[in-house]
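One chain, chain A, links the two complexes that follow: it is found with chain B in the first and with chain C in the second.
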Partner chain A sequence: MSFTNMSLIDPDYQYVGLEAFQRVILSQSFWTMAKATVIFVAISVVLQIVLGMILALAIDYGVKKHLYGSVSTRIAVLSAWVIPGIVIGILWKIMLIETNYGIVNYFLVQSGFSVVSFLSDPQMALLSTIAANTWRGTAFSMIMLYAGLQQVPQHLYDAARVDGARALQRFRYVTLPQIKPVVFINLVLITIYTLNTFDMIMSLTGGGPGHATEVLALFMYFEGFNRFNLGQAAAVAVMMLSVNVVMTVIYMRLFIDEEEF
Partner chain B sequence: MRKQDTHYDFTRRTVLKLSTTAGMSAGLSALAGCLGNNGSDGSSGKIVAKDQIGAGDGNPSLTYWMLPDQSHTTTENKNVAKTVEKFFQTWAKKHSDAGIQIEYQTNLEQMKTKLLQVVARGSAPSMSQVDSFWVPNFYKDLQPVSDVIKNPDDWYPFIKDVAVQEGEWKTVWKSTDCRALYYRQDLMDKYNDGKPPKTWDELIQVGETIKKQENMSGYMYNGGKWEATTFDNLAMFWAQGGDLVNDKGKPVLDDGKNKKALLNVFQFFKRTIDSGVTPKRIANINDYALLEQAALNGETAMFLGGNWQISTMKQKADEETWKNWKVAKIPQMKADIASTGTGGWTEGVFTSNKQKRKAATDFVGMYAKRENMASYCKASGTLPTRKSVYEGTKYFSEDPYMQVYKKLLKNGRARPGYPIYLTISSEWQTAAGKVITGQASPEKAVDTMISNVNSQYNS
Partner chain C sequence: MSTETQIRSIANVLSTYTMATYLVFAVAMVFFLFPVFWVMSMSIRLPGEVLTYPVQLIPQQVTFEPYRQVLQDSSMVTWIFNSLKIAVLEVIGIIVVAVPAAYAFSRFDFRGKKHTLFIILLFQMISPVVIVIPLYNMMAELNLLDTHIGLILLYIGLQVPFSIWLLKSYFDTIPSGLDEAARVDGCNRLQMLIYILLPSMGPGIAVVAIFNFVFSWAEFVMAFTVLGESELYTVSIGLFSFQGQYSTDWRVIAAASVIAMLPLLIMFIGLQRYFVKGLVEGAVKG
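So, the complex of A and B:
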């Protein structure tokens, strides 16, 4: 489809080679959206991995020490992951609405701050979508990494302790190498999920203001179902697939040793 | 002996069981009859079921694409359900051999896409509800319904602009809506001699005073990434004589007067923000309810909204509050120009089979009758498309809001239903967002918008 000029309102189409790709790349707004997408994906993925790891370690510690609340914490965090994206967008919109009755702004005003333009300021709007996406994705990351932590043999930690390794060193030299394959799979999956995020942004900002939060997945939707250019929408989809493949290869190079291939 | 006893018992029990069963069966049959014939017309024996009207194996057998909330099955609005059911019953009585198979379309966006696809493939339904905005996309395929339009001059001019193609009525535009300025009468009494602003200058002036004196926004409008940001504000562009496309659907935004009109509108957006009359947060307003919320919370003195909002405000606020909100024409660059965006739904016939077409036209024609239009619009809270309905029906003639809408509709204008409009609208939303948030000047935003629209059209 990406090699055609297919349209939603015309049954006839021709094969036009790479013309659809050319049009997408030459479009002024494409590069603005590509930049927003890179920022959105990069920050979201890093935050999801880091926060997911912190939560997974905290829960693992809680379970090992038989602390109360580790199960309820897992349920609370996971609930964010099972909520549909559209609903998450609406929930965050209610929280971030820019009046005194917006939940976050209400507390800010009560604390003596002024109302913050979470969704109408271009930079803040992008940060808000990143925050909402991180909130959703961290749960998945946490559960993956927690599963990875369960696979690390206890005797390795015992041996490291005998060798005098401190907590940070045990994490660096025992935990991380052991859960590398899980981190790899996690990275691949959350990168794909984040790059393809569409529903949440649609209901939170609709891609605005301007093009500030219009990521490629949203651009693809508008191209296909708003402007009826199925060929160009397919070209964007192929480009997104290529980015996903390239990112996966990079992650493989970084995280999987050659003999493990 | 035992056998005899058993025989005796069996007979007695059987009689009792049979009586009970027969009684229950009769009861159930009656109940089933009532349910099965829900909405049936006793005299003709026709049924109005959920997805089948008239004979199941009717000749002709029509297919009808319908939105659930505009159907006789809607649970959200019982008045609409009753009105539509009545229309079906009348049709079924008249067409005793015919049948309509209803195919419900639950997603508006998908309905548009699906209808475009099936029409392009030549497998369109016999008739369908068609958004007034889509009509020009289907000019080729819609069958004329001129026979059921009895008094063409009674219909508003904007209806004819879209519905009439080469002298033929292509669709029955059954209900419409319009945009208007909502304002608080008490604040206008205090700061503007009781009258709402008619021009942009007046609006900014009174808005600034209200902001200063009452510590609230003067004026709010849709500025987020959604269709209303374009549609609501297009009235300001159209009133200046601006056109988005020519007769062939080619964008003409870079023509001198159109570009000037467009620039004026975007400069007005900038003025509303720079003067502080409008808060920047409108860049994320993508729901009419948010404007209503701001109005009822005392956050704004005026807003640009839709005609249907007065009834929702009535439901949400006490009488004193909602009655203080009045409607007026949208402020324009000059006082003597006017326009308002109009939408609404039409009923279209797609089948070219003579017999089917006749039966389908008879059905869609029911919405064109004055009394039917009045009852449907009253039930659905929409505006009639025939002028006489506003005079001949008490509900419309005695309501002061309806009388304002009646006047506004004289300058009503529908969006051009060409595919390029979607690009224009999307680019307008982006440009408005950029101007409101200060990412671009009106000049730059307009230039980018025009360049993107032309580039899309040429491709």
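So, the complex of A and C:
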């Protein structure tokens, strides 16, 4: 389909070779959206990994030391993950209402800042989608890394301690190398998920203002179903698909490696 | 004792790491629970209390009027019913397909087994968003647009791969000695699967069921594309269309959101132990 000029409203179509790809790549808005997508994916993924790691370490430590709140924190974080994406979008929209009645703006004003237009300013809107996506995705990252931490044998830590390694050194030289495969698998998976985020952005900003939060997944959908350019939509889909497949192949490589341990 | 000395003595008891951990817990609790709390708080307010300044964290007066409005004046009840129907049929379909498949992958050795498993996984990694356009064309040609059965078949197709993987790792944990004992007693393969293995598969099947239930409750792109009429909507699309309609009354939107997420949250919190265990064993150990 990506090699045709197929359209939803016109049943006739011809094969036009790479024209659909050409048109997509030459269009101004594609690059705006590609940029938005890269920013969205990159920042979300980094935040999800870092927050997921901090939480996984804290919960792991908490469970081992029988601290209060380890399991409740785990449940709280995981809960964010089972809430449907559409609801997450609405949840954040309600929090980010752009007058000082919105709760986040209220707190900002209270702490001496001025009201921020979270959803109508292009840059802030992109940041808002990143925040909401991180809220949703950190749980997955945390549970993967937590599972990874469970598999590090305790005696390695004991040995490191005998050798006089401090906590940070133990993390750097024992934990990280041991859970490296899990970290990479996690990285690949959250990149795939984030790249394909659709429902949450749909209800949070609908791609706007302008095209500021129209990541490629939305661009593809709108191109196909609102602007009826199936050929061009399919071209974008093929590009996204290739990123997905490349990520998957990397994932499988890691998966096989890990199985051979 | 002054408060300062009190704090210092507590600090002496707790190590730095413990305190750091509690700090992380506290921040995480606020960050992850606050949005949910806030939406609930919005949904039980009187109209005048939504836009008050200073903002009230907990409403002074509680009303369930927004909930009444959602349940009576909109199609929410129909949507919930649709979602339930689709989710239940999808889960049943997936279990019927995935259990025998996972059994075969776990117990038989055949040529290309590893490759088949990887191809299955490859399909799982492809997101619905990317393939929604060709799927739309296929559904149109099969006359399955605007039907629940079409959507259910799509969901089964999309979710079977992951379910097979998860169930396979469960089958792998059941010792094959059990199979042999059953065979000595004269069971054929099917009887063995139903009477001997299924009972010990309980936790695995539960995880698959929860996972797919949550998936189909939340799924948006496919349902949004395939279902055109509002009586056919699932909760997710219903809520999305609803948001446009009631864009001015945050209380009603908040109430609808609570209705859409609460059943899942309650179910999940009740079953999360299973879920974490299943994911830890299924996803990471492979």
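In this section, the second predicted complex is superposed on the first by the 240 of 261 C-alpha atoms of A that agree within 3 Å, B and C clash if a C-alpha of one lies under 4 Å from a C-alpha of the other, contacts with A are read in each partner's own complex, and residues count from 1 in each chain.
Going forward, contacts are C-beta pairs under 8 Å (C-beta built on N, C-alpha and C of every residue); 3 or more make two chains touch, one makes a residue touch a chain.
Computed from a predicted structure; not experimentally measured.
Student: Figure out whether A:D121 sits in contact with chain B (first) or chain C (second), or with both, or with neither.
Tutor: Only chain B is touched by A:D121; chain C is not.
Student: Applying the touch criterion given at the start, work out whether A:V24 contacts chain B, chain C, both or neither, answering first, second, both or neither.
Tutor: A:V24 sits against neither chain B nor chain C.
Student: Just to be sure I read the superposition right, which of the two partners does A:M33 touch: chain B = first, chain C = second, or both, or neither?
Tutor: neither
Student: Hey, is it chain B or chain C that touches more of chain A?
Tutor: C
Student: Identify the partner contact of A:Q150: answer first if only chain B is touched, second if only chain C is, both if each is, neither if none is.
Tutor: Second partner only.
Student: What is the contact status of A:A167 with respect to chain B (first) and chain C (second): first, second, both, or neither?
Tutor: In the superposition, A:A167 contacts chain C only.
Student: If we overlay the two complexes on their shared chain A, which of chain B and chain C does A:L47 touch? Say first, second, both or neither.
Tutor: neither
Student: Looking at A:V215, would you say it contacts chain B, chain C, both, or neither? Reply first, second, both or neither.
Tutor: neither
Student: Taking the superposition as given, does A:F225 touch the first partner, chain B, the second, chain C, both, or neither?
Tutor: Both: A:F225 reaches chain B and chain C.
Student: Quick check on the superposed pair: does A:T205 touch chain B, chain C, both, or neither? Answer first, second, both or neither.
Tutor: The answer is first: A:T205 touches chain B but not chain C.
Student: Which residues would you name on chain A as touching chain B in one complex and chain C in the other?
Tutor: Common interface on chain A, chain B vs chain C: 97, 99, 101, 225.
Student: Show me the residue ranges of chain C that touch chain A in the complex, using the header's touch definition.
Tutor: Chain C residues touching chain A: 17-18, 20-22, 24-25, 28-29, 31-36, 38-39, 42, 50-55, 118, 121-122, 125-134, 136-137, 214, 217-218, 220-221, 225, 235-237, 239-240, 243, 250, 253-254, 257, 260-261, 264-265, 268-269, 272, 275-276, 279-280, 283-284, 286.
Student: Taking the complex as given, what residues does chain A use to touch chain B?
Tutor: My answer: residues 8-11, 23, 27-29, 97-99, 101, 117, 119-122, 125, 205-212, 222, 225-228.
Student: So in the complex, which bits of chain B are touching chain A?
Tutor: 109, 113, 116-117, 120-121, 137, 223-226, 279-284, 286, 290, 294, 297, 299, 419, 422-423, 426, 429-431, 433-434, 436-437, 439-440, 448, 451-452, 455-456, 459
Student: What residues on chain A touch chain C, complex-wise?
Tutor: Contacts found on chain A: 1, 54-55, 58, 61-62, 65, 67, 69-70, 72-80, 82-87, 90-92, 94-95, 97, 99-101, 103, 106, 135, 143-144, 146-148, 150-151, 167, 182, 185, 192-193, 195-196, 198-199, 202-203, 217, 220-221, 224-225, 230, 233-234, 237, 240-241, 244-245, 247-248, 251-252, 255, 258-259.
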